[in-house]
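Okay, so subunit A shows up in both of these, paired with subunit B first and subunit C after.
Now for the complex of A and B:
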């Protein structure tokens, strides 16, 4: 082994207990960071997947401005042929057309304002989990049937059950008065209060007829198997609407800006805590290295007297810090990976998590995301800050005066 | 041939309001290969003179020339290079690196000088054998006696063939028998390697070995004579 490396390694173990205490602090923080970051990344992944899978999909084609201002007139002409065209160029993606309007829905006892979505019964289940979340009844079957699927809270508020009639009242796309009577065929419970209270779905054909939409709709929803496919899918979708300046293709980031903001806010507060943890560990390293340099003042004085330059001594002290941080990094990473990997298979939960998860559209069990980034991000920063913390003790060696240093006790 | 030339060296230290003249207009010529002892009581300026010649401290005034190099005019870096390649040091309390073996202590400076591992190993084993430590190469300082540790320090000082070895009270921590053995060794190395030795001591036994004895008092050279 190189003599300098060997010297640095042996110097590290002059005070075994002190070195181990510092290394254990690094291991603890590395395991904690790997665990927390992989849980965080896992929960974000689930949050995004659940939110997008429930309703919005990963990419949507809309009329320009519809996302910000969902007016009935901001519609896509001949929506079904365009959907078919997209299915042919994106065979792996799931595609469904929708139309949407805000209308009054009345039962015998109550009337409420809700959002009514016209969906393609044959394709909707592939872009949304709502059809699979039916508590009672069945999902829509035919394109033109006069039936409706409503949320469980809405059913309770309207005091209706399966087979009951509901009256829809609203404005058609041409400004005409729109009205229809539908029969409740299914009641869904998505777990999201907003959806369960104020959303209903009818067949797209019935919707177009009732609300004077002719062949038009408002959104073409595209769902893919993973976030990694979004960019390519978005690009293909944009090619397909190229030349139709009134249409735009948006990805989930643009469709759900609140989702990213929620993630960013959570990341900011989490990294504030992680930062404190990393700084505490860095101070522990600073203390260890400073003590180590101060107690070897005489030895460093002698070595300097022999003609060794301060730069060489400083690099020796830095090397000691690197070795110490490497031990903490490797052991912390292995233990952190083992913990995160175990939980990524068996899941992680704690009392009260289910209630809290509901707020963020998360299930009661979180599966950590074990990736290179989630493994290395925290421990990498601990490593970096530990090295930075040893700069000050190393710099002290440049001020060392051999004669004075050799007098040190 | 003159190896070291010291001209009118002055160094004062301040202790509160009191100015202590550690070196008071000291001038010396030291020939290459000579074996010289600096004697005098504590505080006479022996160690200060060694420190100045070794470039470990700065003069207030005066000139020091080692083989044509003005030590008093060199910056920190060149001074370190001068010490690394031309000057060996032996200290009173050995000052070995405790976590390195005898051989590694000897090799350490050679590594800094940039020698290859094989060259270092050969030289360190040879010099340790020469100072009588064959078979003890892998022992750490704590596993060696005081005399043996000082021999390692001597091996470290001499291994890269410096022009000058400065030894500050090298026998102060040794019993008289071990001190005599060490001085025999230093004298032998001086003759064998033609290295100049400048030894600060107040040990009468050590002075007997000197070719030339320089006595100091209150920062001044009060006697400088060759010995038989």
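Now for the complex of A and C:
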């Protein structure tokens, strides 16, 4: 061990209790930060994945303006060839075409206005979890069959069950009157009340025929395996629609602006709290280091009189702070990691979380994300601010006058 | 307390005050930390309370009625079939009780609204406008045109966002389509006489309002209604009101408080007290280490002095009190300044903080795009009490240690 290091280490333990109290303050905030940040990251990840996987996908191609104003006239011409073309250039992504219209659905007993989606039976299950959440019956099979899959709440409200007929009434793309009769082939239960109450899917071919869409559709949904692939996929998709100025490719941020903004709002308030916590710990370090410098005024006076440069003393004091902060970092990190790791296996929940979760597409139990970033971010910042807080006490040493200092009490 | 110390209280406070400033740097740093901590406790709590208050206000406004009566099937299946008879004599007498501050009956059914440009699914609410105003409907939210005049008003009120979606405007006619109990299509043209603005866009898209008598005639349901909404004095305490109404409600009806109708909001409200307390305690804990440290150092520096005082006959309890008074003075000063700072930052923000940059995200949480901090006396008291009580508990250890020194050893210590 080099001399300065061992000197710093020993100085640290001259006031055992004071050093430990400061270190415990660091450990406290480190554990808290690791816990909170890993839970936040875990829940954001789940929120994004669940929301996008349910229906919207990561990237969509639409007619310009359709996202803000989903009108039947804002459609993509020859949608199926374009989807095929995308499939050939994006072999890893999952791609499905859709069309959508607002229409009145009537059973024998009830009529309700809902969103009808035309989907490609062969591809829809790859971009959306809804086909996999069937409670009864089966998903759509053929492109042109007169079948419909509806949400469970909708089925209850319409008082229909599998095999019953439903009448669709609405307007076609050309403004004509559109009507059709379909048979309920499946009922899904997604867990989201909104979707289960207001969504129905029919085969795209049947949709195009009924609503006078010819070969058009409204969205091409692209789902990828991870958020990291979104940017690359988006740029490939943009290249493919380059010549067609009426089309745009949108990523999940534009499709679901609420998602990113909810995360932003949550992050902002969380960082305000974390900031306060970190500042308070830094103040604790500032106090400790300042005391430790002031009480050694005499000692430092003697040392400088013996010819030691103030720079050397300042770096000794900084080294003490670094050692102290390191102890806090290591212990805090280990304890925090243990807590987060335990929860990432066993899950974390609190009363009221289910209602809260439903609103954000989250399950009732959260699994924290244990990653290098979620573990190191909080303790790293605490470490940094503790070092920053020690700068002022160290700088005081440059103003030390040996003769006066030696006389100090 | 002074009796046990042997020192008059005034002298003790003066002594503590001077001791506190012997090392002014240390005291100042701790004081600033306490001020920041107390400020953060109060400021953040006010923001959180403000957000939940606003959510409640919006939530309760979109569905006014602290207690509501529905057909017991209605919640699961909100269709016209599951209606209620208009209030009978027994219920009417209960509605005249002093516990009831206002009530209104509504027809509320899913419907489809169509302009020349498009159609949307909405919820058609047939209301008695005068009763709704007594229930707290905010007529100021109508920013174009007028509110309905009576239950027989033939006009229609729609949300601002819906107006845009349908590409129509005030004074235009739209068609509204729903179904009567025999499943026949019931439709009617309405003229848009008013446009309202809500803090949540989803509300503006969802609800359209028409005169109750007109809707009843359209749906051929006589005097039946979908829900009866009743307001009492305080939305937080509706048990008595619910009991009164339950006792007189007709058979087959379900009487529920708003907490059960909107479990997300009531969960948020219920969770707030816990969240506020946790936040205050976390901040305090972060402070407590520094506080203990500061006092410990103060004691350590004065070991000789303390030993001398003991040798001169000062009792240990007196020394303990002395340190506690020092800590109390520090805490009180920090609290005073922290509270003032918090109030000084919250007051200028009374008119709301614009968070429209993340409006869509706030909407996902059920909150509007302006945040109004709400400073509650209760939270202020909680923060101050927690800091004083826990602060004194934290100081107990260094104070107790100071009182336990043996005079001879203490004096001999360098």
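The criterion applied here is as follows: the second predicted complex is superposed on the first by the 402 of 409 C-alpha atoms of A that agree within 3 Å, B and C clash if a C-alpha of one lies under 4 Å from a C-alpha of the other, contacts with A are read in each partner's own complex, and residues count from 1 in each chain.
Keep in mind that, in the parts below, a contact is a pair of C-beta atoms (placed from the backbone, for glycine too) under 8 Å apart; a residue touches a chain by one contact, two chains touch by 3 or more.
Model, not experiment: these values are computed from the prediction.
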Between subunit B (first) and subunit C (second), which does A:92 come into contact with in this model arrangement: first, second, both, or neither?
-> neither
For A:399, select first, second, both or neither according to whether it touches subunit B, subunit C, the two together, or no partner.
-> neither
Which partner, subunit B or subunit C, is in contact with more residues of subunit A?
-> C
Can A:113 be said to touch subunit B (first), subunit C (second), both, or neither?
-> second
Which of the two partners, first being subunit B and second being subunit C, lies in contact with A:14: first, second, both, or neither?
-> first
After lining up the shared chain so the two structures overlap, which partner does A:306 touch, if you call subunit B first and subunit C second: first, second, both or neither?
-> first
Is A:290 in contact with subunit B, with subunit C, with both, or with neither (first, second, both, neither)?
-> second
Give one of first, second, both or neither to describe whether A:3 is in contact with subunit B, with subunit C, with both, or with none.
-> first
List the residues of subunit A that touch subunit B in one complex and subunit C in the other.
-> none
Which part of subunit B faces subunit A closely enough to touch in the complex?
-> 51, 54, 56-57, 77, 80-85, 87, 89, 91, 95, 97-100, 104, 107-109, 111-112, 156
Listed in rising order, subunit A residues that touch subunit B in their complex are 3-4, 6-7, 10-11, 14, 298-299, 302-309, 312, 402-403, 406
Contacts from subunit A onto subunit C in the complex sit at residues 15, 17-18, 21-22, 24-25, 28-29, 32, 69, 71, 102, 104, 106, 108-115, 156-157, 170-171, 198, 257-266, 268-269, 272-273, 276-277, 279-281, 283-284, 286-288, 290-291, 294-295, 351-352, 355-356, 358-360
Interface with subunit A, subunit C side, in the complex: residues 23, 25-26, 29-30, 32-33, 36-37, 40, 44, 47, 76-79, 110-112, 117-122, 165, 177-179, 183, 185, 263-264, 267-268, 270-271, 279, 282-283, 285-287, 289-290, 292-294, 296-297, 300-301, 355, 357-366
